[in-house]
Every structure is written in C-alpha cells, then in structure tokens.
Amino acid sequence: MRILLLNPNTTSEVTALMARVLAPHLPDGTTLVPVTGRFGARYIASRTAATIAGHAALEAYAEHGHDCDAVYLACFGDPGLLALKELADVPVIGMAEASCLAAAKLTERFSIVTGGERWGPMLREFVTVMGLGDRLAAIETVAPTGAEIARDPDSAIALLAQACRVTAQRDGAGAVILGGAGLAGLAARVQPHLDIPVICSVEAGMQAVLAALRDPPVKPASGDLARPAPIASTGLAESLAALLARS
Amino acid sequence: MRILLLNPNTTSEVTALMARVLAPHLPDGTTLVPVTGRFGARYIASRTAATIAGHAALEAYAEHGHDCDAVYLACFGDPGLLALKELADVPVIGMAEASCLAAAKLTERFSIVTGGERWGPMLREFVTVMGLGDRLAAIETVAPTGAEIARDPDSAIALLAQACRVTAQRDGAGAVILGGAGLAGLAARVQPHLDIPVICSVEAGMQAVLAALRDPPVKPASGDLARPAPIASTGLAESLAALLARS
Amino acid sequence: MRILLLNPNTTSEVTALMARVLAPHLPDGTTLVPVTGRFGARYIASRTAATIAGHAALEAYAEHGHDCDAVYLACFGDPGLLALKELADVPVIGMAEASCLAAAKLTERFSIVTGGERWGPMLREFVTVMGLGDRLAAIETVAPTGAEIARDPDSAIALLAQACRVTAQRDGAGAVILGGAGLAGLAARVQPHLDIPVICSVEAGMQAVLAALRDPPVKPASGDLARPAPIASTGLAESLAALLARS
Amino acid sequence: MRILLLNPNTTSEVTALMARVLAPHLPDGTTLVPVTGRFGARYIASRTAATIAGHAALEAYAEHGHDCDAVYLACFGDPGLLALKELADVPVIGMAEASCLAAAKLTERFSIVTGGERWGPMLREFVTVMGLGDRLAAIETVAPTGAEIARDPDSAIALLAQACRVTAQRDGAGAVILGGAGLAGLAARVQPHLDIPVICSVEAGMQAVLAALRDPPVKPASGDLARPAPIASTGLAESLAALLARS
Amino acid sequence: MRILLLNPNTTSEVTALMARVLAPHLPDGTTLVPVTGRFGARYIASRTAATIAGHAALEAYAEHGHDCDAVYLACFGDPGLLALKELADVPVIGMAEASCLAAAKLTERFSIVTGGERWGPMLREFVTVMGLGDRLAAIETVAPTGAEIARDPDSAIALLAQACRVTAQRDGAGAVILGGAGLAGLAARVQPHLDIPVICSVEAGMQAVLAALRDPPVKPASGDLARPAPIASTGLAESLAALLARS
Amino acid sequence: MRILLLNPNTTSEVTALMARVLAPHLPDGTTLVPVTGRFGARYIASRTAATIAGHAALEAYAEHGHDCDAVYLACFGDPGLLALKELADVPVIGMAEASCLAAAKLTERFSIVTGGERWGPMLREFVTVMGLGDRLAAIETVAPTGAEIARDPDSAIALLAQACRVTAQRDGAGAVILGGAGLAGLAARVQPHLDIPVICSVEAGMQAVLAALRDPPVKPASGDLARPAPIASTGLAESLAALLARS
C-alpha cells in the first residue's frame, strides 16, 4: 500500500521531517511517497500562500498520485482538501480535518495551538465549514511560525506548553491539537506538561489515513465530491490537465 | 487487546449478530468481549428506553470492562456515551459518533437511514450536540424498527436502498449511514443499489475502536471528560458503586 | 392536586430542604409528594451520576407517580427530562428548563450560577439542546458543589453574590439563575446584593408546575413526546416495566 | 390586581373578544383593564402596521398602565415588547413570547399557525431573536387574516385544523400554536381534530401573566431591560413624555 | 435626484450636522432633503426611544418622501428600517445596515464602536437579524452618548480611538465602524490612530444611497418587502394613513 | 481610474462578454482592463477548477494589476477572493460577494439561480462563510452550465425565469440573483417574468467596484486581510513571487 504524503508547501525539509516522524507509525507493507509542492511559498502562513498551495496540491497529486492507495494532505489548514477529495479516486485525508475529528472524540470542546498569527482567522473558517465551530474552544497562535518552530523545536516546547495550558484553563478545552507540519512530533514532548490530551496533528492525520486504507470507502459517483465532469483546460501540468479531461 | 462490545439493550441476539459481523474485522491478538445490558427495554426505540440504557451501559462497563483496552458502545444513538467517556480510563467509542465522523470525511452533507420513527428527533439532537448539525442532510426513518429489520433482513434491503436513494436525491446527501445494531452488515448489500458511499454503522464504530487501540489517547485528568470526583452512592451494582467511589 | 416532587439524587435531606422551601408556595388543595431517587450518587455532579439519575427518575415516577397530577423533576440539569415527558401522561417540568424559560422573559441574556465545575459543560449542552444557547450570557460555577452549599448556606451567600455580580458585569447578563436543589431559597438572600433579578431555580420550577396544573396541556398522541410504543423489558422495577409494556 | 390588556391595533372589537375569552380564566380579585391602540392600522398584518403599533403600545401603557400590576401585550408578534419591558416597572408579557415558551415545554419542535401571509417572515424573525429558531418546526399562514377569522370563526375551524395537521405531519411538529388575537378561543375547537396539543395564544399569554403576578420578578436596575436614562422628548402624549423624562 | 435624509430622532442639530458632513459627497444634480422626526426622544439611546422613532420615521417619509428618489434612514440602529422598505417604492438604506455591509467587504470580522451602553444589546440583535452575527467581532460602547459626542467631538477622539484599538487587538477585528449620527465625520480623525479601516457610518450609508440611485432596484411586488395590502387606520398623520390605505 | 476585470477561467470569450455588458455602466474616466486566467479549466464548475482558478486569479493580478485602482474578481463563486483582498493594496470586489450583499439590502431572504449543479454545495459554503447563510432562501441550479448558457442565451431565458419563479414561491425568496459570468446581462430579460427583483451578478459586482472607487477604503495594516509577511517562494510567475517577497 502506498500513501502519497503530500506537503503542499515548497520546503522539502518539512516533508522530510514528517516522513521521519511518521516512519515508526507505518505498518508493514505500507510505503510513504513523500512529495513537496513544485511551486508556491516556502511556508504557508497567509491566505495567498494557501490559495497557491491548493493548486500545488492538485498538481502534486496528478504527478505522483497515480499508483497510490491514499493521499495524506499534510499541511494543517488543508489547502485544496475538498478539490482533492473530488478529483481523487482514493481516500484523501487532511491533517487539520483528521485532527479536529480526533479531538472531537475526546472532548466536547477542543483548542488548536499553532504557529503564525494569520492562521487564527483562516482556521476558524476551516472549522466552521467543517461544522465543528461550536466545539472549538479557541485557536491560540504563538508568534513563531510553524517553520520557525521546526528549525528550533527545543525552545518552542515551553512556549507551546504554556499556550496549551492557557487555553485549557481560560477556554475550558478538554484536548488540544498541536497543529502544523512544523510541529511534527512535538506533542509527545508537550504532553507531560499538561493533564489533558495533546494531539499531534501529523500523527492524527496518519492514523486517519491508515484507517481509510484498512476500510476504503466507495468513491461517490454522484453528489458534491464525485469526480467532476470532464473539462478542457490550458496552461496546466500535463498530468493535471489529463485528470480534468478524463471522462 | 480486549474490546468490550457493549450492547446496552437487553437482547443478546443483537449482541451476537454484531459479534458475528465484526469477527472478520478483528486483527490478530484482538478479542471481542460481548456484553448485553442486564436491565432495560428489549430494543431501544424511545427516549425512555435510551435513558435506562445509559445506566445499563455504565453498569455493564463496571461489571465487565475492568480488563478491557477499549469500549465499543454499540447502539446507534449512543446512550450514556459521554458518561462512559468520563468514567472509563480506556478509549470509548460510540457507534453513532463514529459513523457521523466517518461520514464527515467523505462528504459535506450526509444522511442517516435507520429504523423506528422516534429516532428521528432523538438523533437530530445527538448530531446537534456533536456539532455536526449543519452537515446532516436528513434523517430518514423507515417503519420497521432496527429489531424487526434484524429478524428479517432480506425484505429490508429494498426498503433501505429506497430510503437511501430518496435522501441522496431530495436532500443532496453525499453519503448515507445505515444506523443501528440491527442493521449490522446490511450496508454491503445496499451499496450496489447506490452510487454514493453507504456506511455500516457497526463497522464504522469498530474501525474507530481499532484506530483508538493503535494510538490510544491520554486520559484527560482535567476538563469535562476527566474522571469525576469520588462520590458515595446507594442502590447501585457493587462494581459501579466502586467506580464512583474511587479517588 | 398532587405534585410529585422528584429528587433524582439519593440524598433525602435535599428533598426535605426543597419541600420546606416550597411549602409556602403551595396553593390550598395542593400537596407535594416528595420522592428521593432509590439508587445513584449522593449528589449529581458528573455525567456519570446524571446518567444514572435519569433512570432513577423514571423509576421514581413509575413507583410514586401514578396518582399525581404533575411531576416536578427537581434537579438542576434535569436528568431524564425528555424521557419523563414522553412516559408520563401528566405535565412534567424540569427545574433547569423552567428556570431558563423564566429568565428568558426577563432579559435578552441570562447567566447561570451554580456549584460544581463539571456542571459548566453539562449545562451548556442542556441549554443548547433547549435552543436558548444564544441567550445564555455565561455559566459561572463556584467551587463548592450544590451539596456543600446546602450544608453551609451562610458562608455561600457572599460567594454566590460575587459570582452573580461578575457575570452581570463581565458578560452583560440581565438576570441570573441560582441553579441547584442545594441552593433552594438562597436567591432571596442574594438578591439584595444585586440590581438585576436573581432567580431561585427551585421556586421557578414550582411556578411552572403550578401554571401547568392550572392549565393542563393535552398529552400528545403523536410526535416525539407521545407515549412510546409498548416494549418488553427485563431487570427493571415492576412498576417501570409495566409502564414500558402498556399499550 | 389589575392587568392591562393591551391590544395595540385599533379595533376595539378584537379587544372585546379577547376580554370575553379571558374572563373565565381570571382568578378572584383580578381585573382586566382592556385598552385599544389610539392610533394605527385596524389590524396588524405588515411591518408598517407593526412598527406603528409599537409606539401605540407604549402610549397606551403610559396612559392606562400607571395603576396596573402587569401588562399583557395582546397581539401575536408582540410589537413593542422589549421597549415595554424596559419602560414598565411591572411584568410585561407578550402573547407570542408566552406562547412560544409554553410550546417549548411540550415538545422539541413546535409550529405556529396564523392568519395573514406577511406574518411568516415577521414571526420567523421574532422567534430567531427569542433564540428559539431551532425549535420552530414551521410557520404556516392561512390566507384569511386574523381579523377575517375573528369575523367568521366557524368557517375557519376546518381550515385551521387542516393547517395544523399539515405541519404536524410534514414538519414533525409536536405542538401547534394558534397565533393571533383574532383566533382567541378557537384552539379548543381545533384540538379535537388533532392528536398533538393545540395552544391558544391568547390563553397562553394570560397564563404567563397570572404566573408573573403570583411571583413578581424584581425590576432590573441595570442591564438591557432596566429603565432607560431620562430623556427629553417632543410631540408625544404627555403621559409618555413623562415616562421618558422621569429619572 | 432627491434623497430624503431622514433623522428619526427629534434633534434638528444632528440632522444639520449630517447634512453638513454629507454635502461634499453629493454628486451634481443630487439634493438632500433633510427631515427630523416630528415626535419622540431628543436622542435615541433606549429601546423605548427606538420604538417610537420607528413610527416617526414612517410618518416623516409619508410627509416628505413623496418626490424623493431614495430614503436614507440616518440613525445608527435603523429604527423602522424594514417597515420603510416595505412601504416605500424607492430604495431605502439604513445607516447601520449599510455600514455593516461595507465592513463585511473589508474584513472577515468587524467591530462597532458607538456611544451609549444600551446600544450594545440593541445592535447585537440588529446584526443577528441581518444574519451577520458571526462576522461581528464585538460592540464596544463608550460612556458618552452619540449626542454628547456630537456636542464635544474634540474630546471624544482619543476615547474613540482607544475603543477602536481595544477591539482590534482583543477581538481581532479587521475594521471598525464608528456608529452613530452624532459621530458623523469623526472617522477621518480617528483613522490616523489606527492601522485598520475606520468606517464613518454616516458616509457609508450615503455611499449605499448613491449606489442605489445609480442602479435602482425593482420594487418587489410580492414577498416580504412588497407594498403591504391596503388597510384602514385611525389617529395617524393624514399622509401616513393615505399610504396605508392605498391599493 | 482603471479597473482590473479579472476572469479567472481561461475562456476569453466570457471575459469579452462581460466587458461588453459592463461598458455602458462605466463612468467617464474609468477604464476596464480585462484579463483572462492564464491557466486552468475552460469553465469553472467543480472544486478542482475553482481551486486552480484561485491561483490563476492571484497571478493575473500580479501580472496586470499593478496600475489598477480596483480589482473586480468576475467569477460567481469568487475563487481566491480573500487571498486577493489580502495581497492587493486596492479594493477587491468579488461577483458573488457583491451580489449577496446587494440582495441582502432588498429582502430578508434571497435565492441564487445559476448553471451547473456542482455549484450548489460550493455556493452554500461560500454564503455560510460570508455569514449570510440564514438569509439564503435556496440555491437553484439549472442543468446547463454558465458556459452553455452564454453560448445560447435565448433558449435559457424561459428556463431561468422558471427557476426564479420556483424559488420565489417555494422558498419565499424576496429577490433572486442570476449568478455567473455566463449569465451577464440576462437579468434584464428575466425580470419581466417576475414580480421580485432579479439581480444581474455581473452588474451588481460592477456597482460595488464603482462604489469602492468613489470612496476607497484604507488598506488594513494589521488584522486578517492586511498584506502578508514577506515570504520566499519557488516556481511562481516572477510578478507573483515579487508580491509575496515584498516587505
């Protein structure tokens, strides 16, 4: 079984970090196919970068996804998620989507702690569209971006733990998601500082991917996430154009 | 790994049906511990029966759950779910909860098809409290109860398929949950009649249990689903009283 | 006219306290029939205890409610409320339900002050299901449980008054409910410290019961709160089993 | 005890009809003080008429309310309700407000049947601001206005019963409010045609007034419904100007 | 083109202030017809005053609106807005309505800063009925009323700028509306103190009026804002009675 | 004044059609700068195509927007809207955004009629994120896509008028938006068949652009739509990369 690990930003070090953190979670016979966005911002910390990343994710899937059994869209905020679900015939899991659904099993109200302040309103919208807005206690952003945290994780632990404690107490959160590719693996180090569950978004997404592989859902042939009607295009990567054009 | 398969109604045939349907899904080294409610209605098709079943579920857990690694609350509508999550130190998964979260990964709006008309308003409330109310296309109840369907599944297939088709077209659902212990295993027989995914609630719950076993979350020590403060009680099964009294 | 005063926890002192506080409010020809739960936690301050109490309330009604003209479910949080409404042929009023509806007549946004922190998320869900979530300014829980307040009310007055003032100012509440059986009669002593209405939940529930007695509504014969279809059961108190089985 | 029965439209026959229907419900020692709006539309069936009626209700209160113990704003849709609550020192009850709160005790989802199609969107807004939007199954308007129904009630019974049945079945309503002053007393004649409770809005409002008289709430001295700060005015009835100017 | 500048309070100085501020924004060939309410409170800072102002606005329109091409209801909170839209055949724009829609184009979440604390809950309701409740970051009221600010604007600038900064930082607002006729023209003086857009409600309303004049919408002949059915009335200004009676 | 007319699909005939329809609406001294997406689907009728179009819109702005005074994102559904608002220093108006805000001024509940069934769920999400979900009566999609309608508008008139009438009557809409670039100019031809306003989305967007030009808002320097922090990128058009990198 092959899993497309799709990092839609353009920093391959982040892709590699995730592959490293995820390796011990891979069952036998399962392979990660790590892919980094071909174009776009180094890190995604704005609506502009996220919009470009949506296209990059689709292209990456078109280029590298053909023989994969599942797609893991591994950027917290999930740029292009619903389009990928529409386009792909295999299960597509988003990191933020999976993390929020995992948190919803553990508590009535969860919080998200992540890096980069612009993600606050962007994630609030994401959770609202998911329908889980009433179960979101708060989004707490810390000043360093996910990318900066990834470069110096040791000094981020105390900061993240403090943000988690603040939202647990102030907002009554019963679980906290550490959101972001750059925070891969840090939840285990933050957990000892907290008495509620701390969820690693990278691992939560992976668990959802593995669950989908074990019990693959039927691809809808009608409805809003069915394959779109074929359409001609221009200026796209050949592989992506072919996917749009297939009947 | 032992999974408490907790059927909170008092019909052991339904427990057995579920155990039979779930057996092929059990990984090596995993055992089901099937338990049926000690008291309550034969089937749960009213608020009265569901309220009693909440208590029965807690008692069944207290009696039989001590050496289990996870609890599967296997009644669609999940009576006692949040109390079990509070009380137990191991992961607790509800059948309706897991089914709705599974459906939410597949489509923007899903429907539930189940037996017994009183479940309509009861499930609408359940989904609202889950926060997924905006993603629920409709609840379509068919006249036979889940129990009646379990006794004569063959004649129910056409009825269920029709109900699924109706809600897919009329309400724009992109996936349908066949909800109810009595409908265990029928989704596979209904699926060929539909072009959107049909989810078996019994299997969806099991997948969530297995996922929780692979990646067991930390039990919260504070917040709304932490273990409750110890309290004296009277008139309860000894095992349940002991759980309430532990510090 | 007989009113079943149904305390679903198992502490008869709380039942007696409520009967004492309510006595002066009883019109001529009206009798209280006080009943305490036969089984369950001493006090209800967790989801576990509330779930058990739902069953205890149904049994208490089945045992003692047969010649009553109304049921007063006298535990703030109303465990088993909708099931009781479904099962009983006479009006059933919950203490939290009545208090919230009373507050809604006095102000656009009300707060609840109660004892026991676990009630925060439990009551938020209750008010949401009632549909009044947008009119709830805040739930302010004080550290002692309702039971502890009942044992030493004098020292609780200042604490409660302070909690009321905080939510009035911080959250813009226009009325405050003092919620909980253990707080029976304290609103009158807290009111002088506040310039907005302070509602005694025990008395508010009683007023609603008396109103229902004066103008008894028709029992619905269809819809979600009609009597449930008859069903066999096992292991229940004989009286409750008989109610479930009646046609 | 004197109750200001305030009909804010300008048709005194409707006021008289309500007084007649309400007379048997008056406890000893309680007097109705019926008042009809001095200015405005004959009947209220538009936003324009309702807006004018809000002012008329305030003036009628200022002119006739000084020695009353409660105010009954007896027009379904409650023009001027919150302003009256703010201005008056005695309890103010609106007919639609009381009816919706009464229905909310009987069922999870209620419907409103009333005359005059423009009331559909007007009442939907009213119920939304009350916070009960999620519990409203539907508003079903029949073609004749409340005024026309009042003039020929006999021929309206079948029409109203049919509208009630439609919304009970199509929308799953568990109770129906017959809304409108002109429909006073008709619920008792419609009830036999239905198996769910049919609520007379005129009587439901009266019950709430009587409840408020028995247990009069404190007038808030702060918050959104406290007496407004004194303000000079021009062109108003002397009595209303005096109320605005009082400190 | 003539624009009815309708100030529904009774202080003509405020009308004059707005006319002065708006003059430079008038295109050639466009005339303001300033009108002040004939009756009601000097300033509108309560539900009582707002309710009366709704009637005053309708009368002012009936008296002075006949040859106007658009109506500008120039009181933040828009008393009588929907009734005016229903009654008038020309476009009607409310100051708060237009300001909120303008803010919604600039940011995901906006705040309102205005004078007079009672406006807090009144405006929250207004924005909720508009449907924009989820995009309202906060309403921040400052102690002086709009009227007091109008009399001494210089000393209000610092206060208003501070309130804007507070809500920008604490609530994450991306734009702030300075709401109120009395604050006309102050946004330009507050803007330099802030790094997000500060919207003058008086000017925002005017822009919407001018847009409506350039592209006048069709008056609906059915639906909730169509002209109401003709109705007799009593006690109204002759012009208003005539509008109600026209077929 | 120069307006970037940004068509993010790749069919220049649609761009030309809009330019032709908009020409008579251009004031003196205002120029349209029509641009068509460089890459992507011919028409946008899926999430996949819309996601790609978001990137295409950003690139088109970067390439051609530098000396424009406003941006008109002229595709109903507004792919990339918030990212463009973030990135650009001049006002950005989306066609669906402007149409919905225009409709909200005319009625309490509006409907959208458009071509291409996949737009149903996509637009429902769009309107929800706008916050106007409660004011949306319905989205009615007709079978031909906007592109097909553009090619043969004559035969579409009856179909569109019928869809408008259906939603007006069935859903109580008080105004209808004809949504889509391909439907440019058809509202005027559909209007005579309806008695409620029919809004041309192309013209409604243009009016909002002109209003923004007359009264240009301040670009926020903080908050969620401020210019994003500079970031390096790879693989983008040089002009877009420069915009991302600017400090």
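So that you can tell them apart, the chains are marked A, B, C, D, E and F in the order they are listed, and the count of residues begins at 1 in each.
As a working rule, contacts are C-beta pairs under 8 Å (C-beta built on N, C-alpha and C of every residue); 3 or more make two chains touch, one makes a residue touch a chain.
The structure presented is a predicted model; accordingly, all values stated were derived computationally and were not measured.
Put simply, the chain farthest from subunit F by mean CA position is C. Between subunit D and subunit E, two chains of identical sequence, the interface residue sets overlap for the most part, with shared numbers making up over half of the total. Relative to subunit A, the chain whose mean Cα position lies farthest away is D.
Put simply, the C-alpha centre of subunit A and that of subunit F have 29 angstrom between them.
Rounded to whole angstrom, the centroid-to-centroid distance between subunit A and subunit C, based on C-alpha atoms, equals 44 Å.
Mean C-alpha position of subunit C lies 53 Å from that of subunit F.
In subunit A, the residues that touch at least two other chains are 82, 108-109, 120-121, 125, 128, 134, 172, 174, 224. Contact between chains, as defined at the top, is found for A-B, A-C, A-E, A-F, B-C, B-D, B-F, C-D, C-E, D-E, D-F, E-F. Listed in rising order, the residues of subunit A touching subunit B in the complex are 25, 82, 85, 91, 93, 97-98, 101-102, 104-109, 130-135, 168, 172-175, 191, 195-199, 203, 207-208, 210-212, 214-215, 217-226. Looking at the complex, you find that subunit F touches subunit A at residues 10, 38-43, 45-52, 54-55, 58, 80, 82-83, 86-87, 118, 120-122, 125, 128-129, 224, 228-229, 231-236, 240, 243-244. Taken in their complex, subunit A has these residues touching subunit C: 108-109, 134, 172, 174. Against subunit F, in their complex, subunit D makes its touches with residues 120-121, 125, 128.
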